[in-house]
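Two complexes follow with chain A in common, the first pairing it with chain B and the second with chain C.
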Partner chain A sequence: MKIGIPNSFCYMGMEKFLANFLSKISDESEVIFSGPTTNEMVEFGVQNSIEEICMPAKAFIGHVEYLAKYQKVDAILLPRLTSLRYRTYSCPKIIGIPDLVKTHYANMRIISPELNLRNGMSYVNDFLVELGKHFTNDKRRLKKIVEGFTNSELLEYFPPIVKDKKNILVLGHSYVIFDNNLNKGILQIIKDSGYNPIYPLYHHISDKDITLELPKPFFWSTAQNIYEYFYWAQKNLKLDGVVYLMTFGCGIDSILEEVIRRSCKILNLPYLCITLDEHSANVGIQTRIEAFIDMIGWRRENEDYISTHG
Partner chain B sequence: MKITFPHMGNLYMIAKPLFEELGFEVIVPPPNNRKTLEIGKNYSPEFICMPFKLNIGNFVQAIEMGADTIVMFGGCGPCRFGYYGALQKEILKDAGFDVQMIVIEPLHYGIENFLSEAGKVFAKKNLIGILPKIYSLAKMIDRIEKRVHFLRPREMVKGNVDRIYNRFRIEALKTKGIEQMKKLTEATTVLLDNVYVVDENVKKIGIVGEIYTIIDDFANLNIEKIIGDMGYEVERNLYISYWIDNHLIYPLLRKKDLVVKRYSKDIMENLIGGHARETIAYAKWFESKYFAGIVHVFPLTCMPEIVAKSVLADLRNELRVPLLHIVVDEMESDVGLKTRLEAFLDLIESRSEKSGQAKLLSWN
Partner chain C sequence: MDKLNCFLGIDIGSVSTNVVLLDENNNIVESIYVRTEGRPIEVLQKVLAQLYQKYEERLKISGVGATGSGRNLAAIMVGADTVKNEITAHAKAAIHFIPNVRTVIEIGGQDSKIILIKNEIVVDFAMNTICAAGTGSFLDRQAERLNIPIERLGEIAIKSKNPVRIAGRCAVFAESDMIHKQQLGHLSEDILFGLCLALARNYISNVAKGKTIEEPIIFQGGVAANIAMKKAFEQVLQKEIVVPQYFNVMGAIGIALLAKEKTKGLISNFKGFDCINNSKFETRGFECKECSNNCEVVEFYNNNNLVATWGDRCQRYSSSKNHHVEKSKNL
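Moving on to the complex of A and B:
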């Protein structure tokens, strides 16, 4: 059986975890990834989804379309990510995306076990058992595999390199930061200008000492992660600036961006917010980043300079 | 302590007597209007949903009238509403308004937290005596609204019902306490019962969507009145008492809304926040009740309703009724809305003429 997994939106970073588990549980199944986002996929996505939905979700629909059209998969694996962290939820669009795909592709087989870590990380086991049931009837074997499997990391990303100086913190959801088509290669642009981009990852820092400065902890898994990383980074790393990658129509960003902008203002950190949508062009983003970096450069040079003109 | 709270349709008719019974002075912000939205827009993040902006406008206008305490609900769900209170508190503080903001968070954030915040408001008197009265008042007010929707297309002298209803909404501001409010609702009910009715076979339009925008008639540009004046009866799924039932009473009784349970089963099994599941379930329910059309209203960038819209858009071929999506934001104009509604109702008319029977409406 050919099973498709889209490498996009909320499933980004989970592919290895899912593919490893499927290879353990069943020998006949073959996992097919949709790969990096292409312009064609974005085009597909824009055509096949409603206009109000956020940009990453549109691209995601494009990935599903690609899997269904070109790869001829028998089923698509779309876990329902209700929660990825203790006491949080995912965004409503992420929770509802399997339903959305299910109604759009009525003839496609969609496997969507629920992943709900709202009450603790140990609930990964429940998810794996539910997933495994689609492939095997041997309950004892399934249980054994699940128990041996749970130590592996759920989300895996390429970690950033942190240097002593010239660090720029790039904030945003992981599916925007790691998708070069959506963000128009922003990490590379920053690298080319001689600065070092760092970005938040899941499961990095202990979250005990952090949430205190917020008026209220975020109830979205991603928002809480991004804010914690921001908070940790501005305390422990030397940052030259913060770039926020906001996607048009993202509900979480509309609040998180406001909170981070306010903190940057208080901390006196240079801050740039870039709103991405399907119309954003490489050149426009490049210009804005370059202008921002120039501004940081002048700021560094003139740090000790006090104007005599008053 | 001069207490204020945000507007949401007729919510003030329930909140005002409640706080008065508890012994506070209440300042009701001016009804939502253009200026409210303008003020809200100035202070709010750009891409936040419209209810947030209206809330901020309400608060600022109430503060100008002398309010010093704001009561707001919190939440822990995936919908953005849960973070409203926390962010509004910061925004008002930064803008230099000196007010106390009481955000009543659900028990999820700890019972001490709940008690300390809720205690500031509710500790004074015995709640057990007041809450049942408030609940029955909420039911009565919603019944009046339903009655208005029923009478608007059927009344003999046009405009009579609206006159009574507008007067009711203005008079409600002058009452004090539950008893007076109750008397006013009873008097209004009698007035509405005496409206002369032309017995016509009136077609029904169902309204589903996001709770704030379908309950608050400024937010949806009075869509119910427009449809009612065009000669259709409006029925909607969400009322303030439905919210109380569904979020406060049913969980205690371990009950569930049966319509939602039955009609969302195959399409959306899990809760995704907001009222997306209710939207889908009630759209299907209205269809099964032979409604002539369904209007889906929600604010721009509303997270759960976008999923609901997407699902409904894909179900369009299965649903036998015409469906109109209306996205409201601060740019929406009532002329544009009227044109779209007219076109939609024309479509319904022509379809029912062709087939002869409204019951046999079908896209094929």
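Moving on to the complex of A and C:
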């Protein structure tokens, strides 16, 4: 059986974990990934999804189409990601995305076990059992395989390389930061201008609730995670600036961006917000990043100037 | 006769192409503002030919800079020493004229910017996001619809005593508001000044969102030619606004200043007027079918030699090894 896993949207970073589990549970299933986002996928997604959803969700529809049409998979694995960390929920669009796909592909088999970590990380096991039941009836074997997965990383990304200086913190959802098509290669643009991009990873996921000097924690898994990383990075790393990649139409971004903007103002950190949508040219992003880097350089020169002359 | 040592600044924007000549003491020798009319290559060649005709051999170009959305194209055409984004160029020029400037309001054809400056350093900036409402081309379009030359929009609007309220949030809503008001019989001047006020409000709430606007404030870019826009900003901000003498070529001045800094003690890459005007520049494009990205690849030819490629995401074409450097043989 060919099982498709999209490398997009909320499933980004989770592919390896899911594919590993599938290979253990079933010998005859073959996992097919949709690969990096292409213009074709974006175009398809924009034309075939409802207007109100955000850009990454539209591109995601293109990934599903690629799996269904070009790869001719027998089933698509789309877990329902209700919550990715303690005491938080995912964005409603993420929770609903399996249903969105189901209405569009009535004849496609969609496997969507629920992943709900609202009450703790240990609930990953419940998710795996539910997923495994689609492939085996041997409960004892399933239990054994699930136990072997308890300590493996659910989400995996390329970790950023943190340097002593010239670090620029790029914030945003991981499905924006790691999708070069949606973000128009922003990490490379920053690298090309001689700076070092760093970005949040989900490795902080824990059952602990850190208050982070906020009156209350965020409602959403991703927001809590991005803010947590920002808070940690501005305390522990030497940052030259913060770039927030905001996707047009994202509800979480609209509030988190403002919180981070205000924090940067208080911290006197150079801050730039880039709104991403269907733009086909990256000229606008290029101009903004270039100007931002010039500004940082300008500031830096001046600071040096002051320090050498007392 | 001694040669006039000059620095050339080129700003190719969406609507206008601006060229300035700056002498060694930063005096403006020549400033040219023409409409790009969608043909940047032709227009730039024409402007440079014009300069050459006027000065002929008396001119020595010691540095060239290119900025604006057409900066990459211009840079290759003339052999620029520095290529910078327009925000840096505009800030540079603003600081040059008013060293203690704190806020730069720049409204061009397709985008609007705010630049905050402190102690001659850019500390923060913002550009309009995905919407181009409230920029020059929108004003252009509305003036055209009311059959008023864009140059006269300001002097007509400023006569208004009783401006109407227009929604400036979105260009489409603004237009329907304007049509509605016009059908009720409001005076053109009241509608136009109402539009200016709407654009000023939109700028403050959108572009300058969350930023503290401090004096001195300098207003530049093509839209600053509109005296009613200046008045609208003053009314909305309740602060004084300065429009510099060379408001419409500030980007070009800034990049000329940057080129001067860059070429200090170096020889300019400038190709020479002769070479530029006698060259044939051509842009060809195709849609790459190598992968499903379907990149729109743009190729730039100089006398049928491929000199630059843009737009391919994988850099299959734009990596320099495929390019014929000027000197290489004709193919």
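Just so it is clear, the second predicted complex is superposed on the first by the 294 of 310 C-alpha atoms of A that agree within 3 Å, B and C clash if a C-alpha of one lies under 4 Å from a C-alpha of the other, contacts with A are read in each partner's own complex, and residues count from 1 in each chain.
As a working rule, a residue touches a chain if its C-beta (ideal position, glycine included) is under 8 Å from a C-beta of that chain, and two chains touch if they have at least 3 such contacts.
This one's a predicted model, so the numbers in the text were calculated from it and none came from an experiment.
Pick one for A:T150: touches chain B only (first), chain C only (second), both, or neither.
neither
Once the shared chain is lined up, is A:E290 touching chain B (first), chain C (second), both, or neither of them?
So A:E290 only meets chain C here.
In the superposed arrangement, does chain B or chain C reach more residues of chain A?
Ranking chain B and chain C by residues of chain A touched puts B first.
After superposition on the shared chain, which partner residues are touched by A:R299: those of chain B (first), chain C (second), both, or neither?
second
Now for A:Q71: first (chain B), second (chain C), both, or neither, which partner does it touch?
A:Q71 sits against neither chain B nor chain C.
Could you tell me if A:T38 is touching chain B, chain C, both of them or neither one (first, second, both, neither)?
A:T38 sits against chain C, while chain B stays out of touch.
Please identify the positions on chain A that touch both chain B and chain C, taking each partner from its own complex.
Shared contact residues on chain A (touching chain B in one complex, chain C in the other): 248, 262.
List the residues on chain B that touch chain A in their complex, please.
Residues 45-49, 74-80, 82-83, 85-87, 89-90, 94, 103, 105, 108-109, 267-270, 272-274, 276, 300-304, 306-307, 309-311, 313-315, 327.
Hey, which residues of chain A end up touching chain B in the complex?
49-50, 52-53, 80, 82, 87, 89-93, 95-97, 99-100, 102-104, 106, 114, 214-216, 218-220, 248-251, 253-255, 257-259, 262
Taking the touch rule as given, give the residues of chain A at its contact with chain C in the complex, in rising order.
Chain A residues touching chain C: 38-41, 180-181, 185, 248, 261-262, 265, 270-271, 273, 275, 277, 279-280, 283-284, 286-288, 290-292, 294-295, 298-299, 302.
How about chain C: which of its residues touch chain A in the complex?
69, 84-88, 119, 121-127, 129-130, 210, 291-296, 313
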